[in-house]
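What follows is a pair of complexes built around chain A, which joins chain B in one and chain C in the other.
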Partner chain A sequence: MTTLHDRGAAALPALRRFSRSTTMTLLCVVLAGYVALGISSSGSFFEGPSLRTFLQYLATPILIGLAQMVALCVGQLNLAVGALGGFSACLMGVLMADHGVPAGLAVLIGVLSATLIGLVTGVFIIATRINGFIVTLGTMTILLGAQYRLAGTRTIDGYSATLRDLGRAAPLNIPLVFVTALVAAALLAAFMYRTVAGRRLLAAGGNPLAARLSGISTDRQIVLAHTLSGLLIGIAALTATASLPGVNRSVGGDWLLPSFAAPIIGGVALTGGSVAVFGTVLASFVMRLIDTARAQFSLDPSWVNFLIGLVVLGTVVGGRIHQAHLGRRGGPPGRTPPVPPRSGPQPAGALPTTGGTR
Partner chain B sequence: MKTAAVTEPDSGTDRPTDGARPAHRLPFWVNQRLGLLVLVIALSAFFGVLRPAFFDDRLVLFPLLRDISTLTVVALAQMVVLSVGHMNLAVGRMAALGAFFAGFGYDRLGLPLAAGLLVCLVGGCAIGALTGWIIARTGVSSFVVTLAMDFALLGLVSLLYSALTENAAFTTRPDGLAELRSYSLADICAGPVCGSPAIPQLAQFTVLALIGLGFLYARTRMGRELLLTGANPAAAELSGIPTGRRIVLAHTLSGLLAALAGFMAAVGTGTFSASIGDDFMLPSFLGAVLGGTLLTGGVVSVVGALLGTSLVGVIRKGLDLLGVGLESLNIYLGCVLLLALSADRVRTVVSYRKVVRST
Partner chain C sequence: MSDVLPEDGLPEDGLPEDGLPEDGLPEDVLLECDHIVKVFPGVRALDGVGLRLTAGSVHALLGENGAGKSTLIKVITGVHTPDGGRLLWRGEEIHLRSPLEAARAGIGVVHQERNLIPGFSVAENITLQSPPSRRGLVDRAAMTGPARRCLAELGLDIDPDRPVRELSVAQQQLVEIAKALHTESRVLLLDEPTASLSPQEAERLFDVVRRLAERGTCVVFVSHKLEEVFAVCDTVTVLRDGRSVLESAPLAEHTQDDVVTLMVGRAHAVADMTPRTVDAAAAPALALTDVSTAAGHQDISLSVRPGEIVGLYGLVGAGRSELVKAVLGLDRVTGGEIRVYGEPARIGSPREALHKYGIGYLTENRKEEGVFLEQPIVRNITVTVWKKLARALGYVSSREERGVSEELVDRLGIRVSGLEQNAGELSGGNQQKVSLAKWLAADTRLLVVDEPTVGVDVRTKHAFHELIWELARGGLPILLISSDLAEMVTLADRVVVMADHRVRGEVANDHDYDRMSGKIIRIIHDRAVSVVPAKGATA
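Moving on, here comes the complex of A and B:
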């Protein structure tokens, strides 16, 4: 949702619009939080090693948030994010450790199989017309079983040293895995904002009927979104495998909730039709800041979940109040916000959907 | 019994047709509930033949039925929100919160068994009502609100347990809890006739919940209004139904049932800890959706929730007895879910075509 066109006269209104957007708010929160953390740790947080750890564990959350965002942009939900990521990570680990597959090939197989599973999920959804929520719930169950079967109760850590070194490498204290995540985000942004295929995805998510009438196959877009989602999860599994000390069956177990939290805080509508790549990345920063602050003040880890829950709730409720405020002032709302149920009849098209295929 | 707000061609209602459109009545084999019942019985017989131990009253059937009782209540908690077209992702955490209230009552306030249950249910109602109120008031998708609620409760319940207990669990057990846990119908005798030792007494809560919800959806105006709110919120609003209040009601009921399930799970395991309800989300959707409740709202099946949960329970137990490892169980369960739903889809499409051709 960040459409920043720096073209002469259009620049100023665009800048003003940008300053009021979710992204700007998030950017301020991230900067303020970062500075506050730095001050409270009396400067040690600004130094190399802590910055490095901070960024090291940011790569995977960014990637899974983006993976969920791609599914959300066509109005789908992907519950299998954690299971698919864990499965791919274990697959890579097992291939390298037990079967002696070279690291490059194993990584390729892992990422490709994640993409393929995403593709199969998408095809299954459009072939059977079952709600995507339920299909991904099913694939989640299957993949959890498959991951358990691959890894069992052990922790696989005897894999390629090269991959580990790459995972820990950090030229200029910027970890490579973090750079990978940023590159993936940049490519995704370019795809979404600049290519025809990306615009088609958004069109299919924003108004499926209109998209179909203008000659876009919504079915194909759903398959594409799930495939892309699978690909991003594959990359997330790669960064996790590279930076974790070992993979076991608990990898991916706690990915599902953050994967939804990042796009929602970043300003993506659940009903589809909008993306916010930068916002999602920033939201991952915010969540990581909360986690770091928790470690800094040595609080109970449960505080993180509690606070993230409140942040998500605050974001959506605040956004809705803001929209209602804009609506009352008679401003032209881009997308009609669903009116609170008691304040009058609702437009049928703006009802909150639960992520159905049609 | 399946209750739909509107008579649709593929809803497979088993009520007698009103005579207006007799040609559109679907053949009986489309009835999902009947198929499920047959499947559950056939699978039980199949597992029983392969492993006679499957019909062991005390060691297999009793724990199986206790699990099914608990998970049916979980599925009902999900079904109630699905009936207004919403979702409750926080169902497991609401169960944990309910169990926390019960444990707190027993441990700190020294309440008797029934009073603790009451505290637990009130706590569940309160958190459900709060969730429903936020959704109705702001119009934000229920998915997001319950997701955030799930996060918040996940943290809150752990924090409460670690603040109030030494080893993250309430260990005080009031009188009657152990009995409730291990007694079956065999312990209730009317003269010389005793009940089956396979049916746990814990199932009484499930039966109460089933009857209560069945009555609500089939017989009361409130139940029909819930379904209409789910089927078409705009139409419901225009016909004078206070949809906001119905949404709050659905979420309150969901919180109540989730708390009840949490209590039952705590009684089943014997401890009140934060891990109760961790694995409730999947069974809640499995039971409700396999039973024929639509995700889009407006169609519920109370008996279906019981049958769907039973199917999952029987498959899980049967495969376990057959020696299929724990690791593969989930693979089969996921496949069963996808297959069952695809088969259902194929069945309705085929039968609908038949009906269309015959008219």
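Moving on, here comes the complex of A and C:
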């Protein structure tokens, strides 16, 4: 806190921006939700085992949310998140169980093949100029077929004990898989905010024309985004394989929609150019809290979907209202753009409304 | 600037000696354009343009709308590759394949369009071309220093860490200029840099421009404000119809009038049409009185009588299409009165404009707003009349649809293989006719025509002019927006001139191109100098 005080003048605007951001709101929601759950369970939710289960099943949602976020940041959609994750999870399982491949190697092959498939998807998109939505719709279906081919109707279990031990290991009741997800998130955040490559990615998503004029190849950024997305899905497949009792053809089947929900709740614009790593992680927390509350109060599972849907719509509508409010208070310019988007000067009002990087 | 030559020196491009300028090099020529040609589908945007940029000069690049200024800038900065001619950098031929190569060669630019990354900070935008970094990591501390320096040079007090999306339009434009300063180019092109600046901010920019020239940079200045041009520039090139009619001449030898005459030229042919009279006593079909809009228009008054073609002329960005869109209910009208055939009208949406007031709008943006490219012609034409054709439960008889469409296809002479052909398969001119046909199908009582002949060939253009003329003869009031002056002079009965979202004057058309163009251009240029509202400030 002393450093904040010292740098006072410089840090203050940044702090003010943060206090108004989606991330801040989410942080409050998560804390309040957590405390509320804890109290209503008369404290048992604060205890080790509960916390451990809570975090154990948070790793995969965080990773797939981040994987989708990376695609969104260049204005792409990745429909193959679940299928690719399921495929590489089954690939790891089959390699270990049926072919006796050592766990380390199997995991490496699984993660690498997910990355490679992401790369190929990206290259295909820029080579054919087909919309990423269509391409990933295609790869999704292909991968679902491949996953079924690998796993068939059985559930593959009994693979590497080491991997499963690691998957269940939780020093200080913090599961390793959760730590893995957090480390991946931290690295991704560092990549996005600190590295030249990450800034290029965001520049290309924020204003493709301006990026091109500044010598940034937007094509390369699309390939890079899909490759990174593939890598993160590969890691998600790893955490799933390690912590699930076994893998089968239904792994990944319910990943796609949460993968969109997390970044959208976290404040990422579908139009590209913004990322919110912390926001996406927090959004995964929110969704997990809802899920836990359902278990706690043995609510009907349909409530979870109902609530998550409401949260998605609520955050987006809330963001809009907030933005309009800021605009009215003499923020950015008064000259609102005409309704149909036209070329020419674009006042700030026309830009993505939910700012992730702020 | 030693890494200037990206060219690998393949011999087939001509001998290097060819590229050397005449002996002596009396002055330090940085960049030379030699008969540059650039062809876009259907139009020769540049047709043998020549330009010589010398170190230490401020060079004005002038021309009317569509004369080829922006295209030339895009060729020089590597955005477009020329289809003919040569670019010489210090006497040697270069081939710029990307904006980055141009930047590396020492050519910087501020384009007319905004080119900032909204979510990035001011400092990061300024250094976007070559972000300071250490081992792949962005060095934010090293960013703010140069950014502050560039901002200070423009006298700008903006926190370099602020995201640009929070800035006003004027501030954003200045940040772009700061970004161009950061590249430290030998040739710096500024395309309408003062468009959204206040006079004070513009004055500061001119100081910077003069300072850069003293340091040996060549600044190319594109502006429609002649007063500014004469204040800062020392050499001038005038483009007309993709050719340079005055090439790299000292500006001091020319008056503003000379330059206007050169820009306008006398090359335009104005087609003769059978005479058409307007009943001057008739009540106006559309009358705007002191209308202001949320888009920034103020005190707009104009009227269109039945059978009259009223032209709305102005430079790109004068707010003509925006005005019409506000009248049609696509933007908010904040003041004044609109009357349609004498009745006060409050139009909330284009739907109301069409069904309640009978106003049709032929958009300038044919492909996006004019036709449904993936739909058959019959559906494109009848979209405005489904309500009339519909029977119980909304059933629309395809026979009636065909009837309506066939009649219009005949009447407008649309060349189609059949009514089921998709509109996307038609030529530009025929698409435009389909776009018009739907308004005629709806029996509109007032037609707004926005840039009707952009991107169509000369013959279709003439046919289209005749069509519009005949519609007016039939009594239809027409409001014509066009940046093509020859088209204005051919068609309009009166020309209303707009600049900066205001009406600047009105000229009765005598169909004499030279006289008309002179009058109109003078109205725009005279006024554009004295009134430079700070657009960013008007809320």
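In this section, the second predicted complex is superposed on the first by the 324 of 358 C-alpha atoms of A that agree within 3 Å, B and C clash if a C-alpha of one lies under 4 Å from a C-alpha of the other, contacts with A are read in each partner's own complex, and residues count from 1 in each chain.
As a convention for this text, contacts are C-beta pairs under 8 Å (C-beta built on N, C-alpha and C of every residue); 3 or more make two chains touch, one makes a residue touch a chain.
On a predicted model such as this, the values are computed, not experimentally measured, just so you know.
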Which superposed partner A:Q76 touches (first chain B, second chain C, both, neither): neither
Touching partner for A:A210 - first (chain B), second (chain C), both, neither: second
Partner chain in contact with A:T271 - chain B first, chain C second, else both or neither: first
Which of chain B and chain C A:R194 touches, first, second, both or neither: second
Touched partner set for A:L307, first chain B, second chain C, both or neither: first
Partner chain in contact with A:F133 - chain B first, chain C second, else both or neither: first
Partner chain(s) touched by A:V317 [first = chain B, second = chain C, both, neither]: first
Greater residue coverage of chain A in the superposed arrangement, chain B or chain C: B
First (chain B), second (chain C), both or neither touched by A:S259: neither
Doubly contacted chain A residues - partners chain C and chain B: 338-340, 342, 344-348, 351-352, 355-356
Chain B-touching residues of chain A, taken from the complex the two chains share: 77, 124, 128-131, 133-135, 137-146, 148-149, 152, 257, 260-261, 264, 270-271, 300, 302-310, 312-313, 316-317, 320-321, 337-342, 344-348, 351-356
Chain A contact footprint on chain B (complex, rising order): 85-87, 134, 136-145, 147-156, 158-159, 162, 233-234, 237-238, 242-244, 247, 282, 285-286, 289, 295-296, 325-335, 337-338, 341-342, 345
Touching residues (chain side chain C, partner chain A) in the complex: 79, 98-100, 103, 109, 111-120, 124, 128-129, 131, 133, 136-138, 159, 161-169, 172-173, 195-196, 294-296, 316-317, 321-322, 325, 330-331, 365, 368-369, 535-536, 538-539
Residue ranges of chain A in contact with chain C within the complex: 10, 13-14, 193-197, 199, 202-203, 206-207, 209-215, 273-274, 330-336, 338-340, 342-348, 351-352, 355-358
